[in-house]
Structure formats: C-alpha cells, structure tokens
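Per-chain numbering from 1; labels A, B, C, D and E assigned in written order.
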Amino acid sequence: GEITVSAAASLTNAFREIAGAYEAQHPGGKVALNFAASGVLLQQMAKGAPVDVFASADQETMDMAVQQGLVKAAARRDFARNTLQVVVPADSKLALKGLPDLTQAAVSKIAIGNPASVPVGRYARHALEAARLWPLLETKAIHTQNVRQSLDYVARGEVDAGFVYATDAALMPGKVRVAFSVPLDTAILYPIARTAASTNGAEASRFVNFIASRAGQAILAKYGFQQP
Amino acid sequence: MLFDIDIDKTLRSGQRSFYLRLRLRSAHRRIVILGPSGAGKSISLQAIAGLLRPDHGHIRLDGRSLFDAAAGIDLAPQQRRLGYLFQDYALFPHLNVRQNIAFGLTGGWRNPPADAGGAAVDYWLDAFGLRPMARQMPAELSGGQRQRTALARALVAQPRALLLDEPFAALDPALRVTLRQELDHLQRELQVPMILITHDQEDAAMFGEQVLRMQDGAVEMAPDGSDAAALIGF
Amino acid sequence: MDAAWIALALSLKVAAWATAINLVFGVGIGFLLARRRFPGRDLLDTLLTLPMVLPPTVLGYYLLVLIGRRGWLGAWLQEHFGINLIFTWQAAVLAAAIVAFPLVFKPARAAFEAVDGQLEQAARVLGISEMAIFFRVSLPLAWRGILAGLLLAFARALGEFGATLMVAGSIPGKTQTLSVAVYEAVQAGQDGLANLLVLITSTVCVAVLLAAGWLAPGHSGRRA
Amino acid sequence: MDAAWIALALSLKVAAWATAINLVFGVGIGFLLARRRFPGRDLLDTLLTLPMVLPPTVLGYYLLVLIGRRGWLGAWLQEHFGINLIFTWQAAVLAAAIVAFPLVFKPARAAFEAVDGQLEQAARVLGISEMAIFFRVSLPLAWRGILAGLLLAFARALGEFGATLMVAGSIPGKTQTLSVAVYEAVQAGQDGLANLLVLITSTVCVAVLLAAGWLAPGHSGRRA
Amino acid sequence: MLFDIDIDKTLRSGQRSFYLRLRLRSAHRRIVILGPSGAGKSISLQAIAGLLRPDHGHIRLDGRSLFDAAAGIDLAPQQRRLGYLFQDYALFPHLNVRQNIAFGLTGGWRNPPADAGGAAVDYWLDAFGLRPMARQMPAELSGGQRQRTALARALVAQPRALLLDEPFAALDPALRVTLRQELDHLQRELQVPMILITHDQEDAAMFGEQVLRMQDGAVEMAPDGSDAAALIGF
C-alpha cells in the first residue's frame, strides 16, 4: 500500500534515494515523501495530517511528538548520526581552530539556525553555552530558518562563519571550507517512528526497518550520515 | 386621469438645496414641459421613472400607482415599464448602436449579439437614419447620432409611457421634422401617454396637448392647450 | 524532469481552481461592497484584506487549525462526509484561494465603483433585472479592473507555497506544486534545478497571463 | 513584550517605505503602460507581474544573488559607496517593495485606462501641460483603483517575510519585522505568542487601512 | 486670411469609413457651420483643436501654422491656445463648477481650490447665472447648467480663437438670448476669431458673418453672408 513519510528538510536528498530503493525492493509499496522543517512536520501531524512515518532531525521534536501522543515511545528508534561543524567561506582568510576563536573581532557575523525552532541552531547554542561563549557571540548571530540558509549565507560570503551539519558542508565543497568540528555533549541523533495514527502500520514498519537495514544505511552513508 | 402626480423632493449639495414640488393632474396623453434651465424638469422625469425617490406624495399613471408614500408603494423602475430618453443619452459604451437599441428587448443575462436584430430594431434604425452606423460604438458617433440611438432605445420596447428629455436638441432642423413625425406616428398608433421636455416651440406646438411651465422646481401654469379635464393643482 | 511537468500540471490546476473560486466570490463580494451601503462596510472591507497581511505560513497554520482533523471544520467534514482535506490538492486550492482573495475583491470593488451609475439606471428603466444588469452592464464596464485583479490572483496562486506547504504538504506528484518544488530545490542547494524550475514557472505564467489578457473580452469601457 | 513593539515599529517603517516607493514607481509605470503604445507592451506588463509568481523565498534568493556581497549589484554598491545592504532594514524595504510592486502597477494601469480620454483632451486644449494633466485629471480620476492597489501593497508589505528573511535576516531590533517574528513563533510552536503577535499585526493593519481609506482623497469619479 | 484650412482625414470603424474633406479660406472673424447630423462638424473642430491628426494638409489661423503635414508642423493642443466647447461638455467630474471654469487659468500641478476665484471666474459665473451652483459638482447639475459651465470654461482664459460646438443647444430660449449677447460682446471686445457649430437659425444670423454648410464630410457652399475675401475651395 501507500504510505506518507514526513521527513526533516536535511534528509531530502538521502530519503529520495531511499524511497526509490525501497519501492524497487517492495513492489506494490509506494512512498509519498513530505519534507519541511521538523517543527512544521510536527504541527501538521498535531493537526491531523495523515502521516505514517515521521523522521525528525533532532530528539526534542520527536519527544514532543511522543508527548502529544502522535508517536508511541516504543515505536521510535534512532537511525542516523550527524556532526556539527563550523564552516567559513572557501576564500576566507580566517584561521579558526575552535569556538573561542569566534570571538575575534574579524568575525562579525555568524549564521546560526534560530535556536527557538531550528535543531541545528539548538545544537550550536548548547555548544556555545557549554563553552560560556553564548553571551559574547549572541550579538554576532544571524538567525536563520534552517541549516541550508546558514550554509547559503556562508557560501555567498554574507557571513564570516556558520554552524551547519557535516552532511550539508559536504554539499558545497568548492564554496565553503570546514574550519573545525564542534564537540557536543549530546550526540546529533535522527529518530524515526511509525506514527500512532498510521492506517497502514505494516507498510510503515517495513519502511522504518528498511532505513535501519544495510541497504538503507548505505544510502545514508553516501550522503554523509553516520551510523547511530 | 392619465397623469396624477403630486410629489415633493429636496435635493441638497453642500449649502445649496433645491426643492422640487411637482403637481400634475391631466387627462391628456401628450404633455410638454417647458421651463428655464435648472427648473427641475429632468429631475421630475427621474422621479416618475423611479430613479429618484420623492420625499412625499404619489405618482399614478393611467390609474396605476407607481409610487405612493402613504400606501408604501414604490415600484422598481423595471416594473414601471417606461421609455426614458435621458438628456445626456446614457448609451452603453460597450455596446454598438444596434445592441444599444435592442438592449431592452432581451431579458436574459447576456447582451444582444453585435448583429442583434428583429424587425423592431431594423425599423427604428431605418426610421432614424442609423443604419450605416449600426455597428459603431457610441464613442464613434456624432452628437446627433447618439441622441437618435438613445431615442430609438427608449421607443423600441413599446413602453407604457414615454418620458423624453429634450429628444431633438442635438439634431438639425430637417432631421427634427422627420423624427417628430416618427414620434407622432408612434404615439398615435400606440396611444401611449407621453411627457416631453423641450425648449423648442415647434415641439410644444406639435406635442403639447397640454403645455406646462416649470420654474424653480414648481409647475407654474398651463398657458395653453389645457382643457376642462386637466387640473393643475397648486 | 518528468517530476517538473507533473508539478507544473498540479500548479496550474491549483491556480486555475483558486482563480475560479475567487472570480465568483471576489467579484461578488467586491460588487456588494461597492453597491450596498451598510454600517461596518469599510471595516468588513479591511477585515477581508487580512489574508494579505498574515505571512502565508501563519495563514496556513490557522487554516490547519481550522480544517485539520482536530479543527472544528475539519472534524465536521470528517464526521459527516468522511473528508480529510489535509495533504490533498484541494487543500492547496483552498490555501491559494484564501491568500489571493483580497487581490480580486479590492480591485473589483474599485472597478465597480467607477462604473457610471446612470448606465445601470438606464438599464433598470429598460426593464432589465438587477441580476441581468450586473452581467450586462456593471461587469463588462468594470471588467478591466477585475481582470487585473484576477491575473494578479492567478500569479499569486501559482507562486503560493507558504500556506500550501502547511496544509497540503509537499508530496511529489500529489501535492508538490511547482513553487514548493522551487523552494525545496533552493533549500537543497540545487541551484541548477531551481533555476530551471523558475524558468518553467515564469514562462508558463507569462504565457498564461498574456493569453488571458488577449482572450478575455477587453471592453475598453470609454464613455459615450 | 517590548520586543513586539520594536518589531511593530520596524514593520510599519518597512511597509511605509515600500508603499511609498511603489506609489511612485507602480503608479508611474501603470500610467505609462496605460497611455503609451509600444511593441511588447503586454509582454512587459506580464514580466512586471512575475514578482507575484515566484515564491517570496525564491525571490529573496535571487535578490541575495543580486545584491549580496558577491552579486554584481551588491559588489558595485560595496565598491563605490561602501554600502552593504544585506542584513539591513533597507534590504527589507527592497524585498517588500519588489514583492508588492505588481499589486500597485496593475490596478493602476487598469484605473488609468478607465479614465475618459476626452477629459484629458479637454485639459490639453485648456493649455495644461501633460505633467499637470497627470496630476490634475488622470490621477484624481484613477485614484480609487490606485488606492485599492496601494492598500493591498501596504498589507502585503506588512505581511512579507519570505524574501525579507533571506536578504534582511531576522535580527531582533534591527531587521526582525513583526511577520518574521510571527513566523518564528509559529515555527517554534509558541502558539500563545504567535496568536498575540497576529492579533497585534491584524489590529494595526486594520487601523492603518481604515485610516488610509478615510483620509485619502476619495473622489468618487462619477461622470458628469 | 484669418482662417486658412485645407485638410482631409479618414475615420474608420469596422466596415464603415468616414471621409472628412475640409477646405476653408476666409477673412471673416465669425464663421458658422451648419449641417445635418453626422456631417463632420464636430470632427472638424477636433482637427482644428489638435485632438485629431489630419492625414494631409494644413491649418493656419491668423497667419500662424497650427498644422502643416508638408512642413512637419503639428502644434500640441496646449500650444494652440484655443477655447473649445465640446458638444458633450467634457466637464471634469471631480471638480465643482467654479474649479471647472478656473481650470485653465492656473498652470501648476494642483487643481484650483474649491473656492477658486479671480475676477474673471466671478464675471462668468454671474454672466451665465451659475453663481448659486458654483460649488456643485457636474453630476449635480442640470443639462443647461453643464453647458453653461463648459462654455464659461472655454471663454475665461482669453483664447486666440473660439471653437464652439452647439453652445446653446441645451438652453431655454430666454437664456439663449442672454448668452448670445454675452458671447457677442466678448467676441467684439477681443476680436477673437470664432467658429460656431449650430442647428439654430438665430445663431447663424447673429454670428454668421460667413455661414458654411457641411454635408457628408465636406463643406458644401457658402449660401449667405459671404463676401469677396472668402474663398471656399473644393
């Protein structure tokens, strides 16, 4: 049967390929993909959107889904891991080695996903707070709506540095340069789950299993995601 | 009584106000209203046609109440079935001459086609010399051609009464004679009551079974042609 | 590239329906506001403009609250007709229609107000019913202004993605309109694809608008 | 809640500037398209409608390409004037003005076309210069239609967030307009805040539109 | 020669075309054009005023070339400085009577204020009996009041020539007499050349130093009042 999969925007490229592979392996199964920011996906489900599988870019969004009864806690599982990186424009003269270097006067604008709603921004904020740098850097922050907007700003040289996922940084090797990876005390783990309201539970579970399978993981790895 | 009208109406524009007081009882079929510019002639016709609501009074035509403030009667213009030639024609700018004339003949939601026909339309096109410009739009007409189109439009649907506001003012004398005869002919044939506003003595002579003079919003007198059955109240 | 054509077809379907809906309601309400005087008319006019002022995503959110399975309208539809609008192309139509609505009714009102009232009077005296006068006099004479609004509404509906994304989602082949696809291509850093899709959207839009401008009856409406 | 008032003030500033710019260019271009005949006039008209058809975010993306530090216009501005528009409120004005432009010029064109040409002729014979005729005859008679477009444009500018977000960013107190704030609140699931901000936006918008409708010269433009 | 006009122009509307052939050489200051409806009278005035571009020929007034196809001259209407009364008035609907009359007196980008004044405006308001409705809008005027407003607007700016298209058609006989005298007075005082279109023999008698008859787009003859200096070409 047909299932609808709502997935975080950062999974767009990888999930498109996975859906194709899944449909090839399971004739008769059909996957309708719906991409948006994780928060938007949550709201759609909360208001009754007919979704069978939900994949978010962070644990917090999935936590909320569980709290709201959209997803059973038992149904969720982590399927991919990502790394947070600071990138600079490819032609940047800055030599940044770690978070404290961001306080240099030469760094005047930093793209950070809006911590209020964008997971990548939330991770960045956690890291900066842990390093006691958040108050210092808050005034330099340019809040973006998602990780791709941060990446774009860096690529265009509109900002001096930006926080992005490794998977995104890998998309624009000629335009951005990875300055350093940001150490985090909580890992960036992507959870996926069959929804409680799914009308096609069997197919949904089969798709979730496929993601966790060797074939699914291989495709995710191809796009730079690590195993959970 | 063919005409039994007794209305008043105050029009206001800024400081100025204009007070119309129209009383007219007459058994004549053809009434001509004369009067200086601004006397209230056009406004009177508008009230009769149902385009201007009088403040008080009544309007009865041939025994039928079109308006009666006391009885709460106020027929919509559509129900009055009158033929009205507006002083400034009010031609439909998006329709050609033929369509303008045929406008009232079809009741549906669509305008008559560009070559709208019927014997009646053709008759008036010929009678008023409009045949060559039947497919021209109003903006492409001369002043007299517009007036003739508007007159034809008012006459073609066989209305229950005719209200004509200076119907020949834009025409040359020769054409005036022809059109007067056409109108005379039509009126005699259908025996339709008619009120005609004019500044032209010849119009008055030809159509004025009763001639009224308006001045400052009021009918002044019935100087000539009045007969015993006609009472002009004041 | 097949996906692009499917998205295009969907976009055109959605925009056409949204425009058709607005043709009826926008023109109708524009006419009523122009002709009927009632207390609160200006306030109503302004309230009806509000879909313009809300960010489409926010509008989409409220729409979701309303027609979602747990919204009161959505629950009612579900219960009585078994209809669930979320994630359907009909939801995209609804979103686009609401977003574009002010673009039609406001110019329509202005256009109707510019029509010479004496012409409607003349039609009345000729015995034409009010409804027929609307179609035969008022509408043709106001048509230019209305058409301008309709074309804007069509373009807006074609470009709508914020509210659409919320209520219809972005399911390729089902609810992913061209503009949502463009948005996602830009987000995904696929500049080449984005440019191509923008080119397609723009070309189609220009073609449709030009055709509409030429085909639609273009009464010049000059006074005689 | 102070933040909301700052965002509101910024929103009003941006919308007012964008509307003022469109008053000049939208009305000017609408007039030229209505009066001058030249080959490709309809094509130009349609091309100028395109800002409607692009999703605002995409429009913002192209604007970024154009006026960004590496865009050709941006680079030129930077080099000659030391101006960098990105992340400034002026960029928000630019975005809002472009997004709302079609809303002004198209109704304006339709309104100018509905003005009786004979009245302009009469003014010409009376010795009035073309420029003065524009201000004394054409503009007052077309004003209703133009005003409808301007009010739509103001509302649209107030609600604009897609393109704004791209080029102006969302810097609280500097470039975070009310609609961006609403959008972010909705995204963050802060329903209470979102509702409050929407209420503020809507109230202010209704107040401004009502005031504009009453204060603006409202020539009814009926033919004599 | 005061008037030296030799133009032609073809107007088309669908199948129908109208061919205007106007030749007029005259040393008279006052010319009256008579002719049946649709003869081309109004169109002739439009061509002279610069509102309709002739296909060939020239228009010279008092020695000044307003139009000359061969020499490539085509003065804008503004530069011709004529007073033109349109047959359908063309009053500015957004301006009151006073502002309409004062319209041409101020050249700036703003319309005259609602109480626009100056002795000239007041003079014509009084002369034409428009003082009581000076602040009314055109839509609130009677037909004759509109015509008088339009006439005052054409006269007030002291134009170099007057083009009047049936200036008294909507007026009652008494008012016609007054206005004719006013116009006569003005014309004699300023010695301004004038072309007047009318269907009224009394107008022709009073203003027709030379009377032209138009028919089917061409000037036909100079039946009366012509003198040796007037050559009407064909």
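As a convention for this text, contacts are C-beta pairs under 8 Å (C-beta built on N, C-alpha and C of every residue); 3 or more make two chains touch, one makes a residue touch a chain.
Because the structure is predicted, anything quoted here is derived from the model rather than measured.
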item	value
Topological distance between chain B and chain D, in contact steps	2
Any chain that touches chain D and chain C	A
Chain whose Cα centroid lies at the greatest distance from that of chain B	A
Chain whose average C-alpha position is farthest from chain C's own	E
Between chain E and chain A, distance of the C-alpha-averaged centres to the nearest whole Å	79
Separation of mean Cα positions, chain E and chain D [Å, integer]	44
Between chain E and chain C, distance of the C-alpha-averaged centres to the nearest whole Å	49
Residues of chain B engaged with two or more neighbouring chains	88, 137
Multi-chain contact sites of chain A, meaning residues that touch two or more partners	40, 43, 149, 152
Sites on chain C at which at least two other chains make contact	61, 116, 118, 220-223
Interchain pairs in contact, sorted by label	A-C, A-D, B-C, B-E, C-D, D-E
In the complex, chain C residues that touch chain A	61, 64-65, 68-71, 74, 84, 86-87, 165-166, 169-174, 184, 187-189
Contact footprint of chain E on chain B as seen in their complex	11, 13-16, 34-39, 41-43, 87-88, 132-133, 135-137, 140, 142-145, 148, 165-166, 169-176, 199, 201
Contacting residues of chain B [partner chain C, same complex]	49-51, 76-78, 80-84, 86, 88-94, 103-104, 107-111, 137-139, 141, 146, 153, 157
Complex interface listing, chain C residues touching chain D	42-43, 45-47, 49-50, 52-58, 61-62, 102-103, 106-107, 109-111, 113-114, 116-118, 144-145, 147-149, 151-152, 155-156, 158-162, 179-180, 182-183, 186, 194, 198, 201-202, 205-206, 209-210, 213-214, 220-223
Chain B contact footprint on chain C (complex, rising order)	116, 118-119, 121-129, 131-132, 135-137, 140-141, 219-224
